[in-house]
Structure formats: C-alpha cells, structure tokens
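Same chain, two partners: subunit A is paired with subunit B first, then with subunit C.
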Partner chain A sequence: MSTSPATIVAGEGVAAAPRGRRPRPPRHFSKQSRFAPLWLLSPAGIVILALIVAPIVFLVYTSFTDYDRRTLFTGEYNGVGLQQYIDIFTDSQFWHSTILTLLFTAAMVGGSLVIGIGVSHLMTKLGTAMRYVVTIVLIFAWGMPNVASAQVWGWLFQPGYGVINWMITQLRVFGDQTDLSWWNSTPLALINIWMLVVWQAVPFIALTTYAAQTQVDGSLIEAARIDGAGEWRIYFSVILNSLKPTILLITVLSIIWDFNVFNQIWLTTQGGPDNGTATLGIWSYLVAFNQFKVGSGAAIAVVTTVMLMIISGFYIRSLLRSGEDL
Partner chain B sequence: MRTSRIVAVGAAGIAAALALSACSSGGNGNNNAGGDNTSKAGTIEAPDGAGKTLTVWSMTGDLSDDTIAAINKKFEADTGAKVKVETQQWKDIATKITTALATDTPPDVIDIGNTQVSTFAASGGLADLTAYKDAFAQGQTWLGGLADPAMVDGKLYAVPSFGATRTVIYNKKTWEAAGVTAAPTSYDELKAALDKVKAKNPASDFSAFYLPGQYWYAGMQWIWDAGGDIATQQDGKWVAGFSSSEAQAGLTEWKTFQNTYSSKASQTLNTDKPDQDQVFADGKAGAIIGNNWEIGAITKANPDIKTEDLGTFAMPGSSGKTQPVMLAGSDWGIAVKGQQQDLARYWVKIAASPDIQKNNVVSDGWIPNSTEAGQAALDGGTLTEQQTAFFQAAQNSKATPASGNWASLEDPGMKQFFQSIASGAKSPADAAKAWDDTVNSTLNQ
Partner chain C sequence: MSATVSETQAVITPSGKVRVARRPRRRRHIGATITALVFSVIWIFPVYWMVITSFKPRSDVMTPDPQFVPIHPTIENFVNAVSKTNFLLNLRNSVVVVFTAILFALLIALFASAALSRFRFRGRRTIMVMILAVQMLPGAALLIPQFLIFNDLGLLNKYIGLILAYVAAVLPFSIWSLRGFFVSIPIEVEEAAMMDGAGTWTILWRVLFPLVVPGLISTSIFGFITAWNEYILAFTFMKDTTMYTLPVWLAGFAIPNQPVDYGGQMAASVLFSLPVVVLFLIIQRHLVTGMSAGAVKG
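After this line comes the complex of A and B, so read on.
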C-alpha cells in the first residue's frame, strides 16, 4: 500500500501529461476561500469522525484492555497490554477461522466472478425482451435484504420440509435426501452458505460487467475476427482484456464484502457445527457479544482488519496501476 | 371482593414493613440485609407518579396481555403514572438485555428468563433488591427454581414472576387408534405405547414422539433422570458433568429414544422452525414435550383438535420416578440505571402479589411464583385435567447453574451439543469431552 503513491507519480508521466500543462486559474488567497473547503467538508467530516474514526480508535484501544460484560455496567477495566493478542494467536480457533475465512472468501469471490461474468456475456447474446427479463430477475435477487434471503434459505433447505431437499430426492440420483440437514456438517453448511452469498453477489457483478462489455470497441472484435481468431480466442483475448479494469474493481469490492460476510452465516448456522463455519467475523462476534469478552473480540476485529487491508492493498495497487494504463 | 383483598394485603404489608424498619437505600455496603435483628427491610408504598411513564419489557409468550393490563390498571390507579409495555422477542435476548441495561435510559422493569437472571445480576446491571425482599414476598414462599437463580452471593436481584414446566402432551385420538387408551406411568410403558403408535403410523415424516435434537431443555431431563448434571460446584469451582457415567447413560438413552420415536429430520432441528406445535397439529406427531401454553397453540393451529383430545402426563423416567424437569419461568428485574426505582419497585410488587398470582397467573396457565399459590391452585380444584400434570411435574424440578457466565453457553452451545449427539455427528463421549472443556472454561473464567 505504501508504494501506491509512487505508482501514481510514475504513471502520471504518460496519462496526466495534458492535464499538467493546463494553465491554472489565478488564485486569490482571501481568508474566506482558504477556509471555505474546510467549512464545506466539515459536516461530512464530523459524521465520519463520530461514526467511523472514533469507534475504530475505541476498538483498537479496547483490544489492549480486559473490557468485558461487567465493564458495560461498572465502567471498570484494566489495561492488559498485548495479552489479548497473545491469547488469540495461541488459540487454535484463530488459525482455524483465519484459514477458513481466507479459503471461503476466495471460493465466494471466485464463484461469483465466474458466474457473474458468464451471465454478463450471456446477456450480450440475448434478444431485447429476454435481456430485460434477466435484468429484472437479477435486480430482484440483488434487492432482497440478506437477512430476509437467509430466512428464505432456511425454509428452502429445511430438513423434512425443504423444497430443495425434495427436488434433490426427485432427481433420483442421490437417494432419499428429504431429511438431509445442510447445517449439521461443515462441508454441506459451507456449500449452502456459498450458494446463498454467490446468488446475491452475481447480480451486481453481472450488471456492472455487462455495462462495461457493451462499451467494448466493436472494431477490435471485428479486426480479431478478420485475423482468423475463433470465438473463444476473441472472448479471452479481446473482450476480457478490455474488461480488466472493471473486473479488478469488482474483485476488490467482492473481497472486502465476502471477507466480512456475517448475516448469511449467523442466520443459518450461528457458526456451527462446532465452530465449523465460524469465520473471523462470526468468531469475533461470538467472543465479543455472546461471551461478552469485548476486549478479546476487539483484538480479533483489529487483526481481521489488518489482514483485509493487506489483501485489498495488493489489489488496490494493481487497480490503480491498470487505471493509469487506460 | 378482589379490591378488598388487595387493600387487606397491602395494609398488612405496609404495617409489617413499618414495624420492621425504616427505609433502606439498599446500597452495596448493606451486606447483611435480613440477616440480623437490625435488618433494614424496605417498604414499598405507592409513590406519586403523576406525569411519569414507567417502561416495562415483557417477553413474547410470557404473561398474557390481560394479566399485564391487570397489573398496569392497579399501578396506574395507585400512582397516577403511565406504563409503556414493550414486548420483546426471544432471539438474541441476552445480548439485547445486556445492551439495554448498559444504556443510561434502560427500561425500568425487565422480564428475564429465570436461567438468565444470574448473568445480569453478576455483571451489575440489575438493582440490588435484598432490602425489599420481604416487601416483595408479601408473606409468600417463592419457588426455589425461580428465586435461587435470582440470588447471587446472598443478594436478591430479581423477583419471581411465574413458573412453567414441561410435560408430555399427546394426541388421545392417535394413541387410541393404535390401541393405547391409558396414559403410561413408567418409562417402559411409555416405550411400549410409542411402539404401537409408531407401528400404526409408518410414514417417514410421522413421529410417535416428536423430540427435536436441539431441544436441550427436554434432553437434559434424561441426564438428570440418570443422575447426571450440567455442572456442580466443588471447592468454589464449577466442574462440568456431561462426561460422567450417569450423564453418558442419560445421553445415550436420550439419543436412542430420539432416534427411535422422532423423525429423522427432527435430529438437527429446534422447536421453532418448524414450530413443533404446528407439526403436532398437522397430525405429524403423536406426542411432544411442551409447555402448558402449547395446548392452546395446538388447538389454535388446528381447530379440529379439541382441548379434550389432548392428554398430558409428567414424563416418566427410566429411574422409576418422573423425569426431573427444568423449572422454566421468569423473574422481574429492575435496571440499576433506571431513573424511577420507586415506581419500578411498586409495579413489580403488584406483579408478584398473591392476588395477581392466584388469579391472573394461574388462569394464564402458568405456575404461580409461590408454593402457597401453587398449592391453592391444586387444592382449589379449578385446574383442568391437563394443568394438573404440569403442577405435578413441577414437584421434581431442576435449574441451570447459578453462574453469571451460564447464559452464553445456552445459545448456540447447548443446542449444538445435543444436535451433534442426536444426529450421530459425534458420539456422546466425544461430544461431552469437548463440551465439558468449554463449560469448565466458561463457568470458571
């Protein structure tokens, strides 16, 4: 992340050249104009300070204390230095949750990108009427609050009464799966949550990518075709290449969203069975708000944030670089 | 008639309290309240509450609207204050109450499940009511399962509201069709009866005895019946007991019973999704373990099932006695940060009064908060056939560990522990070993 400003400077030589030469309007440093930006920014700034910066500062501070349920009422707590962090790193649940979170995030991001981009390509091949239908369906899936969709998911997959279990049984391939409990085994629970998350992530990716895909220069495709390239070759070398900046942006956003997926997991499995689906977010909630070890939960949240910053920092760097290349 | 009794009780209470002592602030320094002859029993008289509003958190499914209205009516008449009742849902309730109590404007009076009182008491969110104990008791002896969890280190933090137990509720018509005409009185008789019901109803989604795997309140009955317990206190430390041979025997028997008589789907479910009363009302179950109010829920869900079609009996245990039941129920707590302590105390006093308990609480179908009121109900002959079983089951009751750290183990911990055994995901021994570690480290932190 620290290298990204350097990247911008390096890229500026090419991309920002015309802009740099533009004559600047004369500046009048009157008192009013110097403070005007501050005044204009202050409402948003105050809100950000109060609702984002202050809680984060408090969170980091709390992670160095033994803040617990009692503290909520008495206000008493003690500084414990790095003890919370030492406890976390020596807890096997931390490593389990970390690996689970990383792999599960990769699976969700990968799945939603492949399906989303696939749907986008499909939409370019559809007739107008059908394309509208697909768009509307996608928007409905997207517009559903994830708390509601998790609830519906619970009904769809319910052992004994769930429609999906009934349909799987009707396939007559897997035998009678009517009573299958998706949330009683870790692999099935993860597959189930994966489907729920990916299902709601696909619309945004599909619509965004489709918008970008309609802007791909048709002459490039035509040229490739004249040169004898096949449809697959055209798609991977020309279209996907043009979509690269969009896909990178979507990837970064997806990583941030999927890394922090909470509702869909909590409302279906509560992190179970046996913490099998307890990602870092779920585990930190369980520690902070179920056991009310707020200090410990805060430390987990801080570690999670740092990890997310490192991962997304890498992507943001590539994103900035590719943005400059355009 | 009722008014005169209230006046009499009120007058007697006030007189007794006046005779005993002057007011006490009930502060933290008052360690020996009620312990010696200088005890500072507080009085609770109707304060002037004109223009004030008392906020009461009531749990959904607890006291009926009529009962709450009866309490409010007397409260408003005596004090002139208004009452705002906010009905809360059970989901994540421990988190919800903790956060509410920690704010500067908490609800004044809170309806708390009896197993969770110690949590909030231990953390300092509830007002110390020790000095007012006699004034709240109003001459009655509270049920131990309600009062014990409300006492932490000898101090009272909540006042019993009502009790409840679970018995077997069965469909008489289904059982008669299978050739069972009398309620079983032993565990073997019960199993023989269920075998007949099961043979008569072979459908895979039919449960002779619907017993969801996550329903740990019911599962604990088998452990207690076998002589096991959740945890016991030894030398000031909690020792979890699921690995004991008694608990293992109970868990194994429970698993066999569950797997034999309840549908496969139910192994990983709780009583709420799908609602077990709905399952029963749909004719998919011959029997369930349920609370008294579930009789009403069943007849409401399927009006073809009449109340007289339903039978109840205390669950027999393989020990030869009835299975010990969890004494469920609620207590009224007063938020320590509440600004209207005197009004809150007066409201709780009315809610705990013999008049409300003997009339409204009993007609709600709950077990009243004192042995006197419970006995009066049994003696009065006004209980229905079904209610009697609940009052009898309450004779052999248990509670969860009175530890401030207990509540966080209930959800999702206990549910997932029982589910993993019922589904066969883990053996009772393996599941108990891991869960005992968690219980020990949580209770003793």
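After this line comes the complex of A and C, so read on.
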C-alpha cells in the first residue's frame, strides 16, 4: 500500500528519488481539510515570494541595466543587455576573485575538517572531565558572534601591542615582529582570516563528528582489533568509514558556509590591500555599494549565485538520493 | 554505543597471550590528555584575551610586554562602553528588530511547516527543495535587490526594512527546523484526536501546536542567534548611528573624541557576545542536531 502510485505525488521533477519507503499519507483528506495546506502555506509563501523570489528576479533584471548612483536619486536607468557580464568576464579582478574564493574556500574547509575530525577523535580518548573541558572550550569559540571575534582578532594581531606579534617576537626565530602589520600584505591577511574562520568552524565539525563517532558500532572495532589491526589502521579503515555520511554532510555544509564568508573579511581588511582579499562576495559588495555601480555588482552577485547553486546542487541531490522523505 | 560489547572480555591474541580487551574510550592516554590541554589553551585564548583586556585599565592595555593576568582589574571599560556611546539606544534597536522579526517568522513558519509535514499534496517536495535552495543564496544576492527595493519604498533606515530582511533571512531555516519537530509526532496522536471527532483545525491548534513548543523554542533560539549577529544588512540599511543595531555599533566601536581604545572595544565585544555564548551553553545538547537538520545558515 505504501508504494501505491496513488499516494505518491507524481511529476515533481524529482522522479529519480527512491519511491520505495515512502510512508502512508498521514490522513485521508476530508473536504474540510483539503484546502488546509493552502491556507497554512500562504503566509509563508507570500513572504518568500515578496522578500526572496521577487528580489532575486529584480537582481537578475538589474544586472542587465546600467543602474548606478545617479539612478538612486533620479530613478533613471537603461538596459545594456549583456554588457555588465562582458565587462565582468574581461575584468582581471573577476578572475582573481573567483580563484581566490575557490582556493580560499578549499583551504578553510580542508583546515577546519582536518582539525575538527582530529579533535573529535581526540575527544574519544579523553576522560570525562577533560572531555567536558574541551566541549566547553569549543562552545565558547563557536558561540562568539563573528563581528565580535573579528574585533578580537584585530586586537590580538594589532601592530605594536598585539599579543600574537609579541609571542612571535619571543620565539626569536623571525626577529622583532612587534610592528608586523597583518592586513597590509595579501598573504598575511589571508592567513589571518583563515585562522579566524577555522577557529570558529572547528567546534561544529568536532562536536558533530564526535556525536557520530560515539555511535560507531564497537563490535566492528573489536573485530578489527582481534584481526590484529593497529590503532591507526582501525581509525582509517573502520571508524572513518563509518563516519563517511556525517563527514560528507559536514563537508558540503562547510563549503557553502565558507564560500559565503563575508563578515570576517569585511571587518578585518574590507577586501584590501588592493582588493587582494576581495572574494566574490566582498567584491560584489564593493562594486555595488562603494563604487555604486549597482548593475555591475548585481551581475557579479548573479554569477556568484550560479556558482554556489552548482555546488549546493550536489548537496540537494544527495539529500534526495538518500531517500529522506521530504 | 552497544553497552554489552565486551567490557572486560578475555581475548587471546595471535601471540597466544591472554589480555583483557577494553573499550578504547576507557583507556586514558596521557598523550591525549596533554594534546587536549594544549588544544584547549590555544582555542580559548582569543576569548580569554578578550575578557581580561576588557578588565584592564587603559594604562595596562598597551604595554610592551603584555600582562597575561589583569593586575589592576577595573570595570571602567564597561562603564565607558555603556555610558559614553549609543549602546543603550542601539541595544533597543537590536531588541526591537530581532524580536519582532523572530516572532513574525516563527508564526508563519509554524503554519507552513505544519502544512509541509502533516499533509500530503501535489508539489510538496518541490516546495521543500526550493526552501532549502533559497537558504544557500550568497548574502550579496539578496542584499543588493532588497536595498534597491527598500530604497524605492522608503524603508531604509527604519525598523520595518530591517525586520523584513531578517524575516526573509530566518524564515526558510525556521520552516525546515520546525518541520523536523512536526514529523517526529506520531500519527497515532492525530488519529486518536480524529476518533474523538476533532476536525483539521482543532487537531492543529489543540494537539499538534502544543506538541511542537520545544521545537518553537529551539528554532527561535537559532533564529535569534542569526538575527542578533547579523551585520552587513544592518550596516547597509541603517545610515544614522542612532538606528544602528549592536553588531554595527560594535564593528565601528569608538568612544567619541578619544584614540582607539582596545580595552573599551573588548568590553563592548564581551557585552555583545555574552547573551549568545550563554545561549550556546544552555542549548549545547541540541546544537549539533539543530545545526545539521537541514540547516544551512552559518
């Protein structure tokens, strides 16, 4: 009965999803309740249409115009066809920002995954008290709003009196770095922002992986040990294998989050020096709101959205494939 | 964890020795403890440094050799941050905007998620996927057109503009999150109510909505955190310092007519972060599931 075609909503463009384990419809509709979902959905539907869908349509529309500062006052603008897109694709800053966004996202995702999964494994080796300490530490780093942590970073790395510069100087390897200015050189600024983002990304990854790791079937580990596998072998062959679904989910979420990182860059470098740290999001904001070339900024935002949609498309597809009952 | 698995089962290893196999969790490696200590010290250091700087008097903040414990603790920085800036005004703005947006978003999310979980109708999956997809939009994609539209409608620099933008920001997540709570209510509860003659609306109001109150609380906390921390929309929409919300206040923190004051800045950071960190500590048990249950807002 549960697979009877009558209960399956057909023709939704997601036909590839498995149909087998669909539960029965919760209730047979009485006449009274037939329109209930419509009534219940309409407030949210109106809000989403008005505040999300319409703006996105307007964004795409704007990207085909020369909307700029003058337009904000006079309301005048002209259609320019694909000119904004041609300008973007021939702008070397676009390619710099695209490559930077992709590589920097990869670096942040990779760094936070390796550290996070490592910490999760570490937590399984700890006694209750120490594990509690690590958990609390993680929650503090996680809970800090990123506007506040960007301020803290500015103070930690402040040229002159920043405590990190002082520590680097104390190492006596790099000489006197007291006045090192982290945000005046692109590589240093990127390292700095990387640390800020990874610092806040690790807790979610570590705690989620840890939660999954406590669910790993102990008998598998036991069996591997009896077969003579060492600790490393057990970890890589048995535990990581069981954690695959969790790690996949975390990876996709991290890619989406890190691709969209904005505050941490904006509040430390504003995309500087010389647009060196301007990822696509920052660059689009700079063009739209600092240079007030809104049409151009809109075109960058459209391109960015398409890129992100391609990436997150994989996530949505795997979610549908996993047979989750939507 | 399967609790029955060989707590102290004797195992004969290939070399013929009998040893007691125990679960690895029970083995307390000294090495692991030390690594964990080092990790904890590094990871908590930024928070520690923020807190102790905020309690240092101005003369102790900028010293050639940093003071790792405050020698002359004072609350002067907090007093300054609260009394010499727009803190109270901006706090009020934040509270008004965030709470109105959350209330509104939760109410309509409650209805929508009920429809998307307790009813089956044509197009439901498409709607769910669309809601998931809009959550993944990059910030600038909504920011630019919302700014232009609100500019035309005269909603910039007003509460209502920011409230609407925050409703749009938290609504999709709230629907997904609440839906999870609806789905976990067993169908028998509804069937029993139906047996007693309850109609659709009675079941919703009297049976289902009361049962998702825990979901409403946890969803509203996540929504609160998102909206409370939101910076760039508020920064772009609000032009007058009197209309700033706290994140914008914090990002541009300066006491008028004074040089950069890191003590004050750190005190401001503590004031702003405190409610969020406390919330995180309270809901820590639900954090992991809540964040990954179809949640894509960072």
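The criterion applied here is as follows: the second predicted complex is superposed on the first by the 282 of 326 C-alpha atoms of A that agree within 3 Å, B and C clash if a C-alpha of one lies under 4 Å from a C-alpha of the other, contacts with A are read in each partner's own complex, and residues count from 1 in each chain.
The rule is simple: a contact is a pair of C-beta atoms (placed from the backbone, for glycine too) under 8 Å apart; a residue touches a chain by one contact, two chains touch by 3 or more.
All values reported here derive from a predicted model rather than from experimental measurement.
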item	value
Touched partner set for A:Val147, first subunit B, second subunit C, both or neither	second
Contacts of A:Leu308 with subunit B and subunit C, given as first, second, both or neither	second
If touched residues of subunit A are counted for subunit B and for subunit C, the larger one	C
Partner chain in contact with A:Gly297 - subunit B first, subunit C second, else both or neither	second
Contacts of A:Pro37 with subunit B and subunit C, given as first, second, both or neither	second
Partner chain in contact with A:Asn263 - subunit B first, subunit C second, else both or neither	second
Touched partner set for A:Gly281, first subunit B, second subunit C, both or neither	second
Touching partner for A:Thr105 - first (subunit B), second (subunit C), both, neither	neither
Which superposed partner A:Ser181 touches (first subunit B, second subunit C, both, neither)	first
Which superposed partner A:Phe289 touches (first subunit B, second subunit C, both, neither)	both
Overlap of subunit C and subunit B interfaces on subunit A (superposed complexes)	72, 154-155, 158, 160-161, 289
Residues of subunit A that touch subunit B when the two form their complex	69-70, 72-74, 154-155, 158-161, 178-179, 181, 183-185, 270-274, 289-292
Touching residues (chain side subunit C, partner subunit A) in the complex	1-2, 5-6, 11, 13-14, 21, 23-25, 27-29, 32-33, 35-37, 39-40, 43-44, 46-47, 49-50, 53, 61-66, 107-109, 111-112, 114-116, 118-129, 131-134, 136-149, 151-152, 164-165, 167-168, 171-172, 175, 187, 190, 194, 199-201, 204, 228-229, 231-232, 236, 247, 250-251, 253, 262, 265-266, 268-269, 272-273, 276-277, 279-281, 284, 287-289, 291-292, 296, 298
Footprint of subunit C on subunit A - complex, ascending	7, 9, 12-14, 17, 25-27, 29-30, 32-33, 36-41, 43-45, 47-48, 51-56, 58-59, 62, 67, 72, 75, 119, 122-127, 130-131, 133-156, 158, 160-161, 163, 166, 199, 202, 204, 207-208, 211, 214-215, 217-219, 221-222, 225-226, 228, 231, 249-250, 253, 256-257, 259-260, 262-263, 266-267, 280-281, 284-285, 288-289, 294, 297-298, 300-302, 304-305, 308-309, 312, 316, 319-320, 326
Touch list for subunit B against partner subunit A, complex	94-95, 98-99, 101-102, 119, 122-125, 204-205, 263-269, 273-274, 336-337, 404-405, 408, 411-412, 416, 419-420, 423, 425, 434, 442
